[in-house]
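Listed below are the structures to be examined.
You will see subunit A twice below: alongside subunit B first, and alongside subunit C after that.
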Partner chain A sequence: MGPYDSSIFVGSSSGSSSSSFTGKPPDQIDGLLAGAGYKVRSSELRQVAQCLERLETVMVNAPTEISQLVNDAVHYNPSDLASWVDSLLSELNQPAPVTVPGGSSDYSNLSFVDSLEGLTINQTAITDDWTEHHGAQQQQDVSQQLTVVTAMEEDSGIRLVHVLLTCAESVQRGEFSLAGSLIEEMQGLLTRVNTGCGIGKVAGCFIDALSRRLYTPQGVGSIGSSYDNEILYHHFYEACPNLKFAHFTANQAILEAFDGHDCVHVIDFNLMHGLQWPALIQALALRPGGPPMLRLTGIGLPSPDGRDSLREIGLRLAELASSVNVRFAFRGVAASRLEDVKPWMLQVSPKEVVAINSIMQLHRLLGSDPTRESTIETFLRWIRNLNPKIMTVIEQEANHNQPEFIDRFTEALYYYSTMFDSLEACSTLQEKALAEIYIQREICNVVCCEGLARVERHEPLAKWRARLGGAGFQPLHLGSNAFKQASMLLTLFSAEGYCVEEKEGCLTLGWHSRPLIAASAWQAVAEPSIPIGQRLLVAVNFQTSFKPTPLAFRF
Partner chain B sequence: MAGRNEVNLNESRMVVPLNTWVLISNFKLAYNLLRRPDGTFNRHLAEFLDRKVSANANPVDGVFSFDVIIDSGTGLLCRVYRRADAEDSHLSIVELDKPVSAGTVPVIIFFHGGSFAHSSANSAIYDTLCRRLVGICEAVVVSVNYRRAPENRYPCAYDDGFSALTWVNSRPWLQSADSKVHIYLVGDSAGGNIVHNVALRAVESRIEVLGDILLNPVFGGQTRTESERRLDGKYFVTLQDRDWYWRAFLPEGEDRDHPACNPFGPKGKSLEGIKFPKSLVVVAGLDLIQDWQLAYVDGLRRAGQEVKLLYLEQATIGFYLLPNTNHFYTVMDEISNFVRS
Partner chain C sequence: MVEQLHQNNQVNRAAVKGKRLRFCINDHIDILVEILKRVDGRSLGVAACVCRLWCSITRNDSLWEHLCFSHVSPPPSGVRPVVVALGGYRRLYMVCLRRVLSRLARMGSGGGDSDLVRRVWTRHQVELSLSLFCVDYYERLNGGGTGRVVSLYRCTKLVVLICVRSEANLTIYEAFGDLGFVRFCLIPISI
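Presenting the complex of A and B:
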C-alpha cells in the first residue's frame, strides 16, 4: 500500500486521476491536469511524482549554481510534464550544453538587423525606421483604437457587423439581389462611422470584398501584379513583427538542425527578397567550428518583365556570404504555382542535409481538383522523400478553409479585425497603409474566390499537425531559447500587445492573446509503411550472430 | 537536513490526490527556476512555461469568453466569461456584449493568484477556474490581467484592479434589472490580497461592491507567526519563497509591515465605521500563512465588518484548482451561496 493509494486521501477523489479499485490505472490522459494545460497519462503520474521528488531533493540540497544551470537550459514542450522533468533531471546529471550561436548572448541578434542593409529596397530604411517608429510611439496619442468588441459603443458599428453577416448568409444561399441591396445599405452605414480605423475600416474591406464577389468575380484573380505583391509584402514585413517572427523562429530551428553538419541545403518555398537569409548566413558564419557549405534554393514567381529577379537576389546573398566567409551557392526555381515544383528541380544531393522553409505557403496547396489526387498529399509525399532534417512551417492561425462560406466569412472577419488592430498600433503611416492593402488582398481572396483561384486557405495549427503527422512527419519541438528570442524580438520591434505563446512545441504570435500566426518545425519519420513483421525480421537478422537483444522485440 | 526533507515530501503526499500533488509540485519546481536570488525574475522562461489558453467565443460547456482591452494606456486586458444562451446557435461578434438577461446577474471581478509575479488571466488553471465560476454562480466573470512584480511593484496591481472595477461598473450591458452592476470581487492567493485593496479603493470612490471573496489570500508581516514556523517547507511553500515575493512586490526599502502586506498591522488602519463589503475568507489549514489570514478576519470583525471564515483543516494551497476533493466542492457551494444571497 503505497502513499498514493486512494484510501489514504482525505476527501474522496473524483475524476480520472484515482488509481482505483480495479487495480489497473487507465492509460489515458489525466483529464484534470489537461484542464490545467498538462498532458500526463494516468499511468505516468506516479513516475512523474517521483521525478519531481528527486528534483526537489537535488534543488534543495544543491548550491544556487545548479539552479542557475537549470535556469539557462533550454526547455521544450512543458505540457509534456513527464519529458520535461526527465530533461531537467538529466540536465542536472550532465554538464551544461554548448549553446548555439546567438542563443547565449542576449543582444548578438541585433547584428542581424544591420545585415539587411544592401539587400532591401530601402537601404537606409531599416535602422532609421526603427528609431523613427520608436520616437513616434512615444509621442503618439494614447488614443489607441479599441478592439472590435469594445468599439461597439457605436450603434452604426454594431449594425454594420450585423448586416455584413446577414449579407454573407444571403450570398451563401444564392439570394444575390438581397445581397446587393444589403451592400448598398452597408455603404450608407459606412458614411456614418469612422472608416479610418477600428470596425469601420475592417467593415469597409469586407464590404468591398463582398461586392467584388457579387459583381466582378472573374476580375478578382488578377488583383495586382506579382511585382506589386512583392512591394506590398516588403511593407508588410516592415509594418509589423509577423514576418520577422516567422523568419526569426524558422532560422533558429534551422540553425539547430544544421548543428554538426558541413554540407547544408535550404529550400525556400517563397524567396521574395530573401529577407530571411542574411540572418541565417551570419549565424552560420559565427558558429563554433566554422560555417558549413550552404546551398540555398529559392522558389519564386517568374518575373513578368523577363528579368531574372531570383538570380539577382541570389547574387546579393552570395556577396554577403562571401563577405563573412561562408561558402555559398544559390539556385533560383521559377514556378507560377508551388505545386508545379518537382523534386528534380531542386537537385538535392544525398550528401547534404536539407532544410525546407515554408512561410505561409503550404495552405496554397489545399485547393484541389476533386477528380485527381489531393495536391497537398502528393506534395508532402515527395517532400518527405527528400528526407529533410527539418521542415519549418509557419502559417496563419486561422480557419479560413471551411466548406461553408458563412463560416469562412465570420472567421475571417474576426481574424482580420485582430490583424488590423495590431497594424493600427504598430507602424509609420506609409508602411501601415501599404501593409493594409497587402491584408486586403488576402481578405479578397478568402471572400471572393473559389476553386483553384482561392489560394488563401488558412488552416489552424491543429489541422496542420494532423495533416503533417499523417504525411509521415513528426514534430521537432521549438524550445525556450527560441521563445525567449522571439519575445525579445517583439519588444525591440513592436508595440505592446504582441505576445508569444508556446503550445506543444510550437510557437504562436498573438495580438492581445488572440493568435495570428503559428510556427512549427518537423522532420521526416522513417518510412512508416513497412509492416511490423518485416521490421522484426530485419532486426533479428542483424542480430543473428549475437544473442537477440530486448531492442529487437520493441517493435 | 536530508531527513527533514524526506518527512516534508511524505507529508504533502499524504494529504492531496496524486494529480494535485503533481500539479502543485510542478509549479513549485518551475517557480524555483524563475526566482533569482538577486530579486530579479526570469520572465521569458516564466511565460514559456506557463500553460495558456485562448479566449473562445464559441461556447464550451455553455460558457464563452473574449478578451477586452480596458485601458489602452497600460494595455490592461480583461477576459470576460459569460453563459451562452440556449438561442445562440452560432455566435457572431455583435453578441459578445449583449446585455445580461433580465433579473439580477452577479458580475465577478476575478484576480488570479501567483504571488504577484506568476500567471496571467489566460493561464489555463485560471481560465478553467473562471469558467467554473460562471456556472456555479450564474455570473459574468471578468478576469483581470493585472501588471505583475517585480517589473511592476505596488501599487500597479491595485491600480489595474481599480481600473477594472470602474470599467465593469460603467458597462451598461453588465447592469442587472435595477440598472446597477452587481459586483463581487474574488481572488486567490495574491488575488485575494488585491481584492481587499481594490475594495478599499471602491469604498473611497463610492463604487458599490456587494462582496469580497478571498481564497487563501496572501498577507504577512515582519514577525514570524506560529503557523509560519510550524509549517515552513512542509506543504509546498517555504517562508523563503514568501519573503522573496514580498520583496519583489513591495516598494524598495519597505518591510512586510507595509499596509499592503499587513493591513491590520502597525502601519495599517482600522476599518471601523467604514462601509466595507461583506467578506468570505477561505483559509487552508495547511497553509503556512494562515495566522496572517486569520488575523485579517479578526481585523475585519473588530472593525464591525461582516465576515465569514471558512477554515478547511486539511486543505493545502491550490486545492480549488482541481475538482477532486471535498474541499473544492465545499468552497464552491459557499461561494455560490455568498453571491446569491
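Presenting the complex of A and C:
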C-alpha cells in the first residue's frame, strides 16, 4: 500500500535524522520544516532532533494507542479520504503490524536539506509514492495540505472509522445498548474533527444513519416528499457529471439503435424533469434522413399536490420537439413503485421500435418477498416480451446488496467517501450542499432500512451482466462514439479526476480510477424455436397468473 | 481589425490628391459585414460596442453562423433551422461554443482565442455543442429551472435556511448542518 511505504511525518522520523545535519550553511530557515509551519534555523536542528528523539521514547512507553501512532504516523491528504478509508479498511482486514521503514536509505528521502530545491525533491518523492491515488490536480494540494493534518485530528479520524465499524458490527449482532454508547462516543469524536470536509463529513452521515436505524427505524421511510427529491435530483445533476454522463451515453446508444427506423418509442423508467430527452430530440432532428416519429412514455411518481407534473414535462418536451420539427407524442405513467407498472399501461404498438431506458432504477426491484416470485425476474420477463431493440441500463458500480449488514456498511463507507471526494470538485456551494443531501438520503436508505423499504440495492456490473444474461438479454457494445462523447463531456464539465473506461462494451465513469457508475446496453435475444402465436400465449399466461393453466396447445 | 480599417481610411485620404473623397465604412455595410464575418468571437463582441449601427449589424445571426461553423470540416448541413429554433447562432456561441473553446484552451497548448477558432472542429464536438445547446433551451423553457436554489442562509451554527424558487413560488426549507456540512432534513417552513 502506498502510504505505508514511507513514513514521512516529521515527528516519527527522528531516529536517524542526526545523520544528516552535516554541511549546511548557517542561519537559514530550514526548508522542509518551514513547509510544515515551523520556523527553525538550521543551526538549531540538532537540538530539535534530540528533543524529538526524547519525545519518541516517551511516546513508545505511553499507552498503546499512542504507540501505534509512532509506528504508523503517515500523512494523509484529507481531500483524498477515499484512499485513506481504503487503506484503513485493508489494514483492518490484515491485522499484521506495519513495519517502520528502517535504515538510513529510506531517510535519505527526507534528509533535512534546507535548500528549496531539496524541498521540491522531497515532495515529488512523496507524490510518487502515491501515484495510484493522485491526479494532476492533487499534486498541488499535497504541498499545501501535507501541513494541515495534525496528529490529534488524524487520531480522531482513525478512531472514528474504527468505532463506526465496531458499531455496525454490534448493530448486526443486535447489541443495541453497546451500539448506542458507541454512537455517543463517535459524536464526541466528531467535535474534534473537521466535519466540513473529508472523513468528518462522511462519518457524520454514517453516524446519523446509524442513529436513525437504532432510534427511529419507522420514521426513515418517509424522508422528504417527491417534490423535494426532484429539487435534490436537479442539483445533483448540475453538481457533478455522473447523471450527465448517464444521459448522454444512453442517448448515443439509443440514437444508434434507432438508425433507419421511422417509428420509435422510448420508455423512461424515471422521468424526473426529462433532462435527458432534449438532447435525443435534437439529435434525431439532425440525423441524416430526417427525424422519425418519436413517442416517449415517461414513468414517474404521482405528484402529491394534485399537479400533473408528468403532463407538464410532456408539454415542454412537445414544445421543444415542435420547434425543431420532430413529430412527438408523450404519455405519462404515474406509479409509486416501479413494479406496479404493467406492460398494458405502456401501449406499445407492434410496428414501432422500442427502446427502454433505466437510469438507476432496476436496483430498486431487487428487494423481494420470499414467498412470491422474485420481482426482478418477473419484471425483466415482461420487458423482454416487449422485444425492445435496445435497453440501456445505468447503475451505480457498488455492492450494497449483500446479505450481511457489516459488509454492506463497509462497502457503502468506501463508495460514498469516493462520491464525496468527487463532489469536492463542484464549484457552486449551493449545488454542492443539495447534492450532498441527495447522497445522504441514499446512504440513509442503504444503512437504515431493511426489507422492502430498502430500495438502494446497488449491485456491480458483473452481477447485472449475469442477471440480464439469464433473463434472455445479450449485451450490445456501446461503441467508440459514446466513448469519445463521454470523454469530451468530462473535459467540459468537471475537474480533473474523473475518468471514463471502456470494458467489454460497457462504459464506466470513475473518480481517480475508482468506479462510480457503469453504463451498458442490452438487446433481447431472439428465440427462434417458438412460433409467434404460441409466444403470445406464453406472454399472456405470465401476466394473468403464475400457476400453469391447462391448455390444449403444445409448446 | 478596427484599427486596420481606420488606417486604411487615412491612407486613402492621403493618397487622393485634390479631391476630398471620404471613405466611410458605414456607407458600405456589405463590406463591413464581409469583414465582420471573418473576425473571431471576441472582436465581434468588441465591434458590437462601437456604435448603434455596428451593434445592430452584429446582431445579425449569419455573422455568428460563420463564426461557429466555418471551420467545421465537413460543414454540417441542415443544422440551421434547428439552431435558429433553439435560440440562434449568437446564443449558441455565447452559451456553448465559447465554453468549449475556453476549456480546450486550458487543456491545449495555450494561444489566443483566434488560434483555436482556426482549429478544425470535429463532428463530435459539433454534436455535443448542439446537444448542450438544446438542454439549455429546455431549461429556459422551465422558466429558469424547476426548484432552483436562490440562496442559502446560515441562521445559527446549526441551522441553514435554503430558499428555493420554483415557477411562481418561493419555498424556504430548514436544514441542519455545521461548518460546511448540511444534513438531511429538508423541512419546509411556513412563514
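We take it that the second predicted complex is superposed on the first by the 374 of 555 C-alpha atoms of A that agree within 3 Å, B and C clash if a C-alpha of one lies under 4 Å from a C-alpha of the other, contacts with A are read in each partner's own complex, and residues count from 1 in each chain.
Criterion: contacts are C-beta pairs under 8 Å (C-beta built on N, C-alpha and C of every residue); 3 or more make two chains touch, one makes a residue touch a chain.
In this text, all values refer to a predicted model and were calculated from it rather than measured experimentally.
Once chain A of one complex is fitted onto chain A of the other, the partner contacts of A:I158 are limited to subunit B, with no touch recorded for subunit C. In the superposition on chain A, contact is made by A:S323 with subunit C only, not with subunit B. In the superposed pair of complexes, A:Q523 makes contact with neither subunit B nor subunit C. For subunit A, the partner with contacts to more residues, out of subunit B and subunit C, is B. Legend: residue contacts after superposition of the two complexes on their common chain; A:M488 is shown touching both subunit B and subunit C. When the two structures are aligned on the shared chain, A:Q282 is found in touch with subunit C, with no touch to subunit B.
Of the two partner chains, subunit C is the only one that A:L434 touches; subunit B does not reach it.
By the touch criterion defined above, A:R46 lies against subunit B but remains apart from subunit C after alignment on the C-alpha atoms of chain A.
Of the two partner chains placed by the overlay, neither subunit B nor subunit C lies in contact with A:S87.
Applying the stated contact rule after C-alpha superposition, one finds that A:C197 touches subunit C and leaves subunit B untouched. Overlaid on A, the two complexes show subunit B and subunit C touching the same residues of subunit A, namely 484, 488. Interface residues of subunit A facing subunit B in the complex, by the touch rule stated above, are 3-4, 6, 8-15, 17-19, 30, 32-33, 35-38, 40, 45-46, 48-49, 52-53, 55-57, 59-61, 64, 67, 70-71, 75, 78-79, 81, 85, 88, 142-150, 152, 158, 161-162, 165, 410, 413-414, 417, 480, 483-484, 487-488, 496-497, 499-503, 510, 512-515. On the subunit C side of its complex with subunit A, the touching residues are 76, 78-79, 81-82, 85-86, 99-100, 103-104, 107, 124-125, 127-128, 130-135, 137-139, 141-142, 145-149, 151-152, 160, 162, 164, 166, 173, 175, 177-186. Within the complex formed with subunit A, the subunit B residues making contact are 1-2, 5, 9-10, 13-19, 21-23, 25-26, 28-30, 32-34, 36-37, 42, 44-45, 47-49, 51-55, 57, 66-70, 72-73, 75, 77, 79, 90, 92-94, 96-97, 122-125, 128, 314, 321-327. Interface of subunit A with subunit C (complex): residues 194-197, 200-201, 204-205, 208, 223-224, 227-228, 230-232, 234-235, 248, 251, 273-275, 278-279, 281-283, 285-286, 316-317, 319-320, 323-325, 429-431, 433-434, 436-437, 440-441, 444, 481, 484-485, 488-489, 491-492.
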